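Below you'll find the structures, each written out as structure tokens.
Look for chain A in each of the two complexes below; its partner is chain B in the first and chain C in the second.
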Partner chain A sequence: MIKRNTNKLTIIAGCGRLGAELANSISEANGDVIIIDNNKDSLRRLSFSFGGIAIVKDGTDIDVLKQANIEKAHTVIAVTDDENTNIMIALMAKKLFHVKNVILRVNDNSKQALYNDTDIQILCPSELTTKAVKKMIEGGK
Partner chain B sequence: MNQHIFIVGNSFQVKSLAESLLNKKHPITIINNDMEFCKELSQIDNMTIVFGDGDKRYVLEDADIGKCDIMIAMTDNDADNLVTCLMAKKIFNVKKTISLVSDVKKTAFFYQMGIDSVVCTTSAITTIIEQQAIMDELATMIPIGEGRVRITKVKVSEDSPIVNKALFDIALPAQSIIACILRGQSSIIPRGSTKILADDMLLLVASIEDEIAAIELITGKSYD
Partner chain C sequence: MTKKLSNRYGKIMILIGALLMMPVLVVIFDKSQIKYIYSFILPGIISIILGFLIMKDFKEIEKTSIFSTNLKNSTMLVLFSWFYCFFIGSLPFWLGGQLNLIQSLFESVSGYTTTGLSVVIPSQTPIIYLAHRTFMQYCGGFGIVLMFIMVIKDRTAVNLYTAEGHSDKLLPNIQKTARLIFITYNLLIVLGTIGFYLLGMDLFDAVCHAITSLFTAGFSTRDTGMIFYNSNAINIFALILMILGSINTGVLLMLFQGKFKIVKKITEIRFMFIIIILFGTISTFTIWFSSTDGLIKSMLCGFYNIINSLSTTGSYYCCIKNLHPLVLELMIISMLFGGCAGSTSGGIKLSRIIILFKTMYNSLVMKTSSARRVLSISWNTASGKALIENETIKETISFIGFYLLILLIGSNLLAITANCSLAEGFFEFASSLSGAGISIGITGPTTNILTLIVEMIGMILGRLEIYILLIGTNYFYQHVTDKIKRHKAK
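The block that comes next holds the complex of A and B.
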């Protein structure tokens, strides 16, 4: 039985490899997803069967976010290729629109004071990779 | 008090701002990521130039941001300006942050995030153009207090309905006052009994809501 999450909207800012993969997988699981990228070529990463909505606009524009229904979104994922843009989108989602789950990709933790006082969840690829590699090394011993 | 001012920004505006601040004897540090521009600036005396991105922690540390009293972020990228100011404030306890913003819709959000002053050049210019287009007696408009209050210069022509009237006889809208009268070479801070004369230049301080009504009262014209 395929469960349809009609109530839970996910908005993804940035259709890079990660953004596209997340969008594809949510769409495949029948979730509602809207992906925003201001470069239309990025949207080519979306799978053929992508059933969500793709918007070619500036994801930091408050009007664009409102059009994407951010006020009703359950999750916002900021994964553009620019760290500062991600931080700004995450802060907007959390502080302006009070989105419940906000996920933010950063390059390192040097800017954590900017979001430490919120419950924004952090994705730090280098940190995750380091942990994974350590595990692999220890596993191999 | 000579506040130490840090400026992070794109070349052209940064240079002119820095020079005018130097004239007022403020110590200046400029952070810029264009090496050629940095070399050019380093020719000017009394300015510290740091090459790098203003939103990187190690660059701010290298620039000795502990000394910074005022951080001005004026790149053309709103996200970079926001992050630079927030880092200055939250990590390094810089007292005052000023940010340029190119998207006027972000102004309220920047204030909400704790930026002390937000300047949106596009909206300042469009407002001036709108005003100039409508009112030819107007000279300048300065927005203050997040743009909710404006100071405007209004000229009193001979056929103005308030010529020769005392201030207390002029029914200005509630949220407006005539703060100063420029008459010839003198500037007068008016009292209720001060009379307005033809050719006076009035400095009107008014809220956005009452500004037009006040100007209409002074000029005797109606603007739509």
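The block that comes next holds the complex of A and C.
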């Protein structure tokens, strides 16, 4: 179904608040985007004019990732609500499919050992918030 | 979130104006046509100027966050572009003195909806108008809005795309999807043209027939259609193009990629071939037994008529009136079934028919089994096995309900206006509504105005898939009643 030579394709796993917003903004900027979520209801978060493809399947399934053309993807973003799923998708994207940019959201940095020796880019909301708050406090002085 | 955009209505008018002037290119090959070009240039230029004025002077307010406003805007734009097309496309015939106003409107509607019913006699019509007829079917086959999306970057492109009735997203980007569809079909047209040319047509006819067969449209450049060439090879090649035209664009691409194994499993494709083989065989034998034709000839006639109806092409092959009633009935059924969803063909679409049949079967099974039993309906699509949800089933069945209701009303109206038998009216209206355009002899240069109007309404309803027109009418009604209320309040 999906053509091969898509340039700068972004695959997003998890259509939560963050995933959906990312997908909407990429689609609005006329980029190529595929979003994967195993729950059909969460696709409601996508905007009415979302121009990408939404796949309602399990993102940890290799066949599903292949169907989403992960070999040709430029970026993979793992932002499901489950920590382990995120790490697994990110690792698969990096190790099996050698995707250039892999972005992983983790809330809890205790599983660092799993992805420390890879060049997966980590997005940790609590860490980011801490930094931002620190900056605010220091700026307030 | 509100944002002022330059007016899309203006842009569409410019595009349609430019497209209208395309047939003028025929002059390069045939200088004698130069006396007719004013009838294309004049409306084209006026449309472009008007479009620029509207685009510059009226800004549109686009609300992106509200569902109902979005739906309303895109519905209105799609309806506007189609009706504007019908109007503009009819002007050349009228200005050129070829047809009267209603007839030219009919020809234009029949062209853009890719129906193929015609009030023109090709042999008495200048070649530039024949090119115009073919080009209308070319634009209509793609869909005006798809062409608009392809050329112009629009943030609400997806709304327009779905509002026009396209179902698939082939690529993760809507504009690229539109371009992919455009390239695919143009490639097939080139191949089709080469094929027809090699089989003995002249170049102009080859281009026209490749376009009208692939877009399952049906206008011909000859009075007698395909019989003119008297060649089985040409007929069979046309059949192949028609089948390609009635296959979903995504599946077509998979065929190009050589994924036959997946394509073979798709329920819709299987169903289509079962119908073709079953109906084709029955009509072959019916024709064989009821006429003096040999087996090969009746086989070709039977299969041609069935595929012609199922793909809703409607090119002229043989005198329909002389066929056995059973064959006619099978043709009506195939016309109503139509091709695959997401193809260029019309009708109810096979996917809906499959859902209907599966639902019917399930409800029968449920009658004889325990009340606690749960049955679900699934089918094979291009991306694997998929469950059909209850919402989809409801929508499908109500669509079919609407379709049949319109069919009944329309065929009765047609029987009254054209003063024919109910069976003939039924055939002719089914043919208009499904976009097949096979005439049993009612539609022609001498047909009265009322009949043409009824058929036009049928064709428009069929091409735009009913709902969008109902939604549009609803908005129009609301708008008018609001105005009246405000007027009274003053």
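Keep this in mind: the second predicted complex is superposed on the first by the 135 of 141 C-alpha atoms of A that agree within 3 Å, B and C clash if a C-alpha of one lies under 4 Å from a C-alpha of the other, contacts with A are read in each partner's own complex, and residues count from 1 in each chain.
The rule we apply is simple: a residue touches a chain if its C-beta (ideal position, glycine included) is under 8 Å from a C-beta of that chain, and two chains touch if they have at least 3 such contacts.
The structure displayed is predicted, hence computed values, not measured ones.
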{"item": "Clash or fit, chain B versus chain C on superposed chain A", "value": "fit"}
{"item": "Contacts of A:N84 with chain B and chain C, given as first, second, both or neither", "value": "first"}
{"item": "Arrangement angle, chain B at one end, chain C at the other, chain A at the vertex (C-alpha, nearest 10°)", "value": "100"}
{"item": "Partner chain(s) touched by A:G51 [first = chain B, second = chain C, both, neither]", "value": "second"}
{"item": "First, second, both or neither for A:I62, with chain B first and chain C second", "value": "first"}
{"item": "Closest approach of chain C to chain B (Cα atoms, Å)", "value": "16"}
{"item": "Chain B and chain C contact sites that coincide on chain A, given as residue numbers", "value": "none"}
{"item": "List of chain A residues in touch with chain B within their complex", "value": "60-63, 82, 84-85, 87-88, 91-92, 95-96, 110-111, 113-114"}
{"item": "Chain C-touching residues of chain A, taken from the complex the two chains share", "value": "1-3, 6, 9, 27-28, 30-34, 47-53, 55, 67"}
{"item": "Touching residues on chain C, where the partner in the complex is chain A", "value": "64, 67, 70, 153, 155-159, 168-176, 180, 250, 253-254, 382-383"}
{"item": "Touching residues (chain side chain B, partner chain A) in the complex", "value": "55-58, 77-80, 82-83, 86-87, 90-91, 103, 105-106, 109, 112-113"}
